[in-house]
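First the structure, in the form of structure tokens, and then the observations on it.
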Amino acid sequence: MKRLDLIFSERELDAILKTLEKANVPGYTVMKHATGRGPERVVTEDMEFTGLGSNAHVIVFCEQELIDQMREDIKAELSYYGGVAYISEATPL
Amino acid sequence: MKRLDLIFSERELDAILKTLEKANVPGYTVMKHATGRGPERVVTEDMEFTGLGSNAHVIVFCEQELIDQMREDIKAELSYYGGVAYISEATPL
Amino acid sequence: MKRLDLIFSERELDAILKTLEKANVPGYTVMKHATGRGPERVVTEDMEFTGLGSNAHVIVFCEQELIDQMREDIKAELSYYGGVAYISEATPL
Amino acid sequence: MEVNPIIQNVFAPPVLFFLIGAISVFFKSDLEIPAPLPKLFSLYLLLAIGFRGGIEIQKSGFTDQVLPTLSAAILMSLIIPLIGFVILRYKFNVFNSAAIAAAYGSISAVTFISAESFLESQNIDFDGFMVGALALMESPAIIVGLLLVKFAAPKNRPNSRKMHLSAILHESILNGSVYLLLSSLIIGFLIASTNPSGIEKMEPFTKDLFYGAECFFLLDMGIVAAQRLPSLKKAGSFLIAFAIFMPIFNSLIGVFVAKLLTLGPGNALLFVVLCASASYLAVPAAMRMTVPEAKSSYYISTTLGLTFPFNIVLGIPIYMSLVNKVIPLSPL
Amino acid sequence: MEVNPIIQNVFAPPVLFFLIGAISVFFKSDLEIPAPLPKLFSLYLLLAIGFRGGIEIQKSGFTDQVLPTLSAAILMSLIIPLIGFVILRYKFNVFNSAAIAAAYGSISAVTFISAESFLESQNIDFDGFMVGALALMESPAIIVGLLLVKFAAPKNRPNSRKMHLSAILHESILNGSVYLLLSSLIIGFLIASTNPSGIEKMEPFTKDLFYGAECFFLLDMGIVAAQRLPSLKKAGSFLIAFAIFMPIFNSLIGVFVAKLLTLGPGNALLFVVLCASASYLAVPAAMRMTVPEAKSSYYISTTLGLTFPFNIVLGIPIYMSLVNKVIPLSPL
Amino acid sequence: MEVNPIIQNVFAPPVLFFLIGAISVFFKSDLEIPAPLPKLFSLYLLLAIGFRGGIEIQKSGFTDQVLPTLSAAILMSLIIPLIGFVILRYKFNVFNSAAIAAAYGSISAVTFISAESFLESQNIDFDGFMVGALALMESPAIIVGLLLVKFAAPKNRPNSRKMHLSAILHESILNGSVYLLLSSLIIGFLIASTNPSGIEKMEPFTKDLFYGAECFFLLDMGIVAAQRLPSLKKAGSFLIAFAIFMPIFNSLIGVFVAKLLTLGPGNALLFVVLCASASYLAVPAAMRMTVPEAKSSYYISTTLGLTFPFNIVLGIPIYMSLVNKVIPLSPL
């Protein structure tokens, strides 16, 4: 099994979740209120009340195939709006 | 060292933490207010004010043996109430 | 690529972020409001309104070299104030 | 009454704020009230309604009507889940039937608050002891629901855990919202008895602010209710019909019990609303812990997504007409 | 007026709380107001200003001044972004220029609120319908900004997505803060028309509490603004100058339009402040979604870090003097 | 006074809400007030108490009593940590002793607020300048604590970092809660001097709402205090005894100093409460940063888990009796 970590602006959350649903992932977890810095942007806590919004951190445990299936859609979304995606190994307990 | 990720309803947090304490884990971290979807249930942010509650994400860095020790208890808890548990490799800095 | 997970008191967040910036990491993500237990201390949610503060969980995706560069500074900070740091493998999507 | 009471109800601030919350979801506005702010308002409303109810009970004293009404309220919250269970068993298994039935036997404090606001806007009197009925109707329905599971569930309940009576009592009485409402009520009563000057100092918080906070919370409830609608569709038409007709059915029983109790129109409406409303705080918490086999989306989507909005927008004025028909205005 | 109006403005509670927020950052105090508490106050202020504005509009009725003023307001929010765009294009690409220009064409509700508080402290009258202008000036500027991108951007816009008119309208009108302000205004109007007793019950929340909540929110805004300053330095001196001179320039246009409209001094100040203020709620939300090529730190740091504090502390009293000079006090 | 003052104190809303919070933990209710809501109330109370204190100081002017009282307050917060340190060194190392001692030398604003509410309920006068004493007693105790570590700690302090005087001053004065209290006090003073109409507009927020917000916060404090009790057991009986007897001891010194200062009974009680209360906001923040060798559970569990509840429920009325015994009611 794989673990996919996605971090991006909460404004894109609906779009990303739609992508995940389309690929029929077995599940996902969302943690909002994340802040951070990427190559270009800084996201601070005060953006939560402005129109910009803070980040969301999404974790998906699923098979490699599903990731391959979603790859292009997710990458398109993240390259347009920013955000990062990393894969690592994970074994069910 | 291993990293154990547990995601489940915050209503079961006390029970899971008791299991971790019983196994004498060196420590753990809890992040509440997680939402998500599993094979059956959808957990949304508005559940935080209803009686259902949102999810908690628990991270434990510990040795494999400890995980083996806790496995049955945790699995019993998660299979009754729902939730996921995954193990991955982690090296101390 | 590596994934570095740092968990420590939010009071040290500025110092740790300064260390990360000094090493020119490509980015980082911060999640506050984490609670937990370490070898000595217990951090509970109510500490958020007291002077102690709760924990922050920082995730950094970066190259091993950067981690090697920051290692001593981070370890010094964490050994003085408490907190944990773990490295794992991560592949960009 | 000249103007249509439904129209009149809709043009009250709480209902309007509820509606704009719901409309924002239909138009996909990004308006949101992030957690834990709704919890703040929810806790506040429970504390304030309990505190003020306690004061009113102390002030009005235990009249002849108090004991019969409270007993009838408890009785209703024991009977309604049984009726609901029988109906729901046509389509659902024991677990789901018991959990949904318990939700409809129990009450919704915010629906009660909205009914009070409606009465105030219509200048109809009601008594403080009705908050006592509110507080007493949460737990019995939970107990019935759990006993239904305990005795009706297949003996080989998968993954079964022993359900001790103590756990049942704990879940039903020590649930956070039940506890806060009850203990605030007791505090209000005590303060009114021993230290009336304390009341005045609390009033800007518990009384003056109340209406506005109610509106703010209903704005969020509108958002939440509308977001629940899609998952209701998945639940199927039987459950959708249940979520509308069960409250109406309960209101009919309620109004006749209210007549038997010789309640005035204000108290009668509150009694009916207690019967007709369904719980999304205490019951889901209890069911999730003790009957995880029940699908939470069933009992939360029906109560929040359909029964709550129905009661707030249409139910309350309909029940009022019902009360006015069934209970002749005595010359008090 | 004997005392310097700037000094007088600074010694008002909202401005003082703003200043201690900002000072806490300079002294590296660990004072912080954690998320989502600022959002609570932001939502509250929008709801309350809208609701009260709606009531005032209903009360005062549609006078002769209403329509011309609202039309002029919309016009200003269409023209100002165009002027801003032309200026910004000297230094910035189309995306950044359009996004920043849209922010300055749009408005800041909290700056407007501060101007109202200033007028009240000076016992200068103003009309409720100016809240209508506030509500109407948010969207047009966004639409202009997005059309500028649509038509001025290089045809081979990298990673381009089609920008449908419907998306533009959605981002400009259904933005959470625009929607809440507008719909609260409508509710206030409806309640004042149909159910005036509802107003009284809302007032402890929407009116009495308002000033204190404004102060609390400005405390946070002081922290936020001061934290933005370092990133402003990176933005360069052109943008820093723009963030000060653009509001002054807009206030000059504004005051002459106000004179043409024959607004009284109170309404004139509000009109000028609407022209001079810049948006950090609706515009950033819209630009982030539809023009991700624009650097968000440009439009958020200028509006929050410089223009907002400038207006709150110095701008409002300066604009008042301007109004007093340009608009002779008619003997009303 | 006829009725037992402890009973009288317990039947005040804030104390009752504190108790139901604590009781909810003992009965394992799932009542909780999620973060950051307690922070909201904590910030609000500091802002309001400071603002109102500043106004009172301006109104009453600098009487003869002000300077001696404030000086005595500072003196107490310098001496008490020294006494505490000597006692604690019997059992604890330098780091823990200094940190705990500093907490007991400093003050708890919410305990002070509760004492004010107690006085109001008893119709006993007190002066606004006592808030000045509150604000001035936080920092000196921190400074003493840090100096004790600096000079008494083993030279080979493990992992030692240089503790600069500037860092000590920063931690003691620019701590968020100290800063907010002090700066709100200054704002209140300035507004009362220059712009009294601003006071009236703030009062619904800072004054009317205060008592209810205090109750809500104490509900949470009850939960927090009760949750701390288990970790107190681990701390050992010496520390448990210290957490009760140190406040009593400090109250005894306090009452005699108050007598020397010829304070009236109201001010005397507040003075005693300042001496007897212990800090869980500013001191833990400072100690955590500068003396990480000290175990935080020692100083946070004693102050929050034992000393705070003791003072709120029993301490304040006991100190009042003490004041009434020691300070004869002068015929003012």
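Every chain is named by a letter (A, B, C, D, E and F) in the order it is written, and numbering of its residues begins at 1.
Methods note: contacts are C-beta pairs under 8 Å (C-beta built on N, C-alpha and C of every residue); 3 or more make two chains touch, one makes a residue touch a chain.
The structure presented is a predicted model; accordingly, all values stated were derived computationally and were not measured.
Asks: Let me spell it out: compute each chain's centre from its C-alpha atoms, then which one is farthest from chain F's centre?
Replies: With centres defined by C-alpha atoms, farthest from chain F sits A.
Asks: Farthest chain from chain C, going by the mean of C-alpha atoms per chain?
Replies: D
Asks: Between A-E and D-E, flag the pair that has more C-beta pairs in contact.
Replies: By number of C-beta pairs in contact, D-E is the larger.
Asks: Counting in whole Å, what is the centre-to-centre distance of chain C and chain F, each centre being its mean C-alpha position?
Replies: The separation of the two C-alpha centroids amounts to 33 Å.
Asks: Please report how many Å separate the Cα centroid of chain B from that of chain C, as a whole number.
Replies: From the centre of chain B to the centre of chain C is 20 Å.
Asks: Between chain B and chain F, what distance separates the C-alpha centroids? Give it in angstrom.
Replies: Taking the average C-alpha coordinate of chain B and of chain F, the gap between them is 38 Å.
Asks: Out of chain D, which residues touch more than one other chain, so two or more?
Replies: Each of 30, 34-36, 39-40, 175, 204, 208-209, 285 in chain D touches at least two other chains.
Asks: Would you please write down the residue numbers of chain B that are in contact with two or more other chains?
Replies: Within chain B, residues 11, 31-33, 45, 48, 88-89 contact more than one other chain.
Asks: Flag every residue of chain D that touches chain F in the complex, lowest number first.
Replies: By the definition above, chain D touches chain F via 35-36, 39-40, 43-44, 47, 170, 174-176, 179-180, 183-184, 186-187, 190-191, 194-195, 197-198, 201-202, 204-206, 208-209, 285.
Asks: Given the complex with chain B, which residues does chain C contribute to the contact?
Replies: For this pair, the touching residues of chain C are 4-5, 7, 31, 33-39, 45, 55, 57, 67, 71, 74-75, 84-89.
Asks: Mind listing the chain B positions that touch chain C in their complex?
Replies: 1, 3, 26-33, 59, 61, 88-93
Asks: Where on chain C does chain F make contact in their complex?
Replies: So the residues of chain C in touch with chain F come to 9, 11, 33, 40-42, 44-54, 79-82.
Asks: Where on chain D is chain B touching in the complex?
Replies: Touch list, chain D to chain B: 34-36, 38-39, 42, 159, 161, 175, 177, 220, 223-224, 227, 231, 279-286, 288-289, 292, 295-297, 300, 304.
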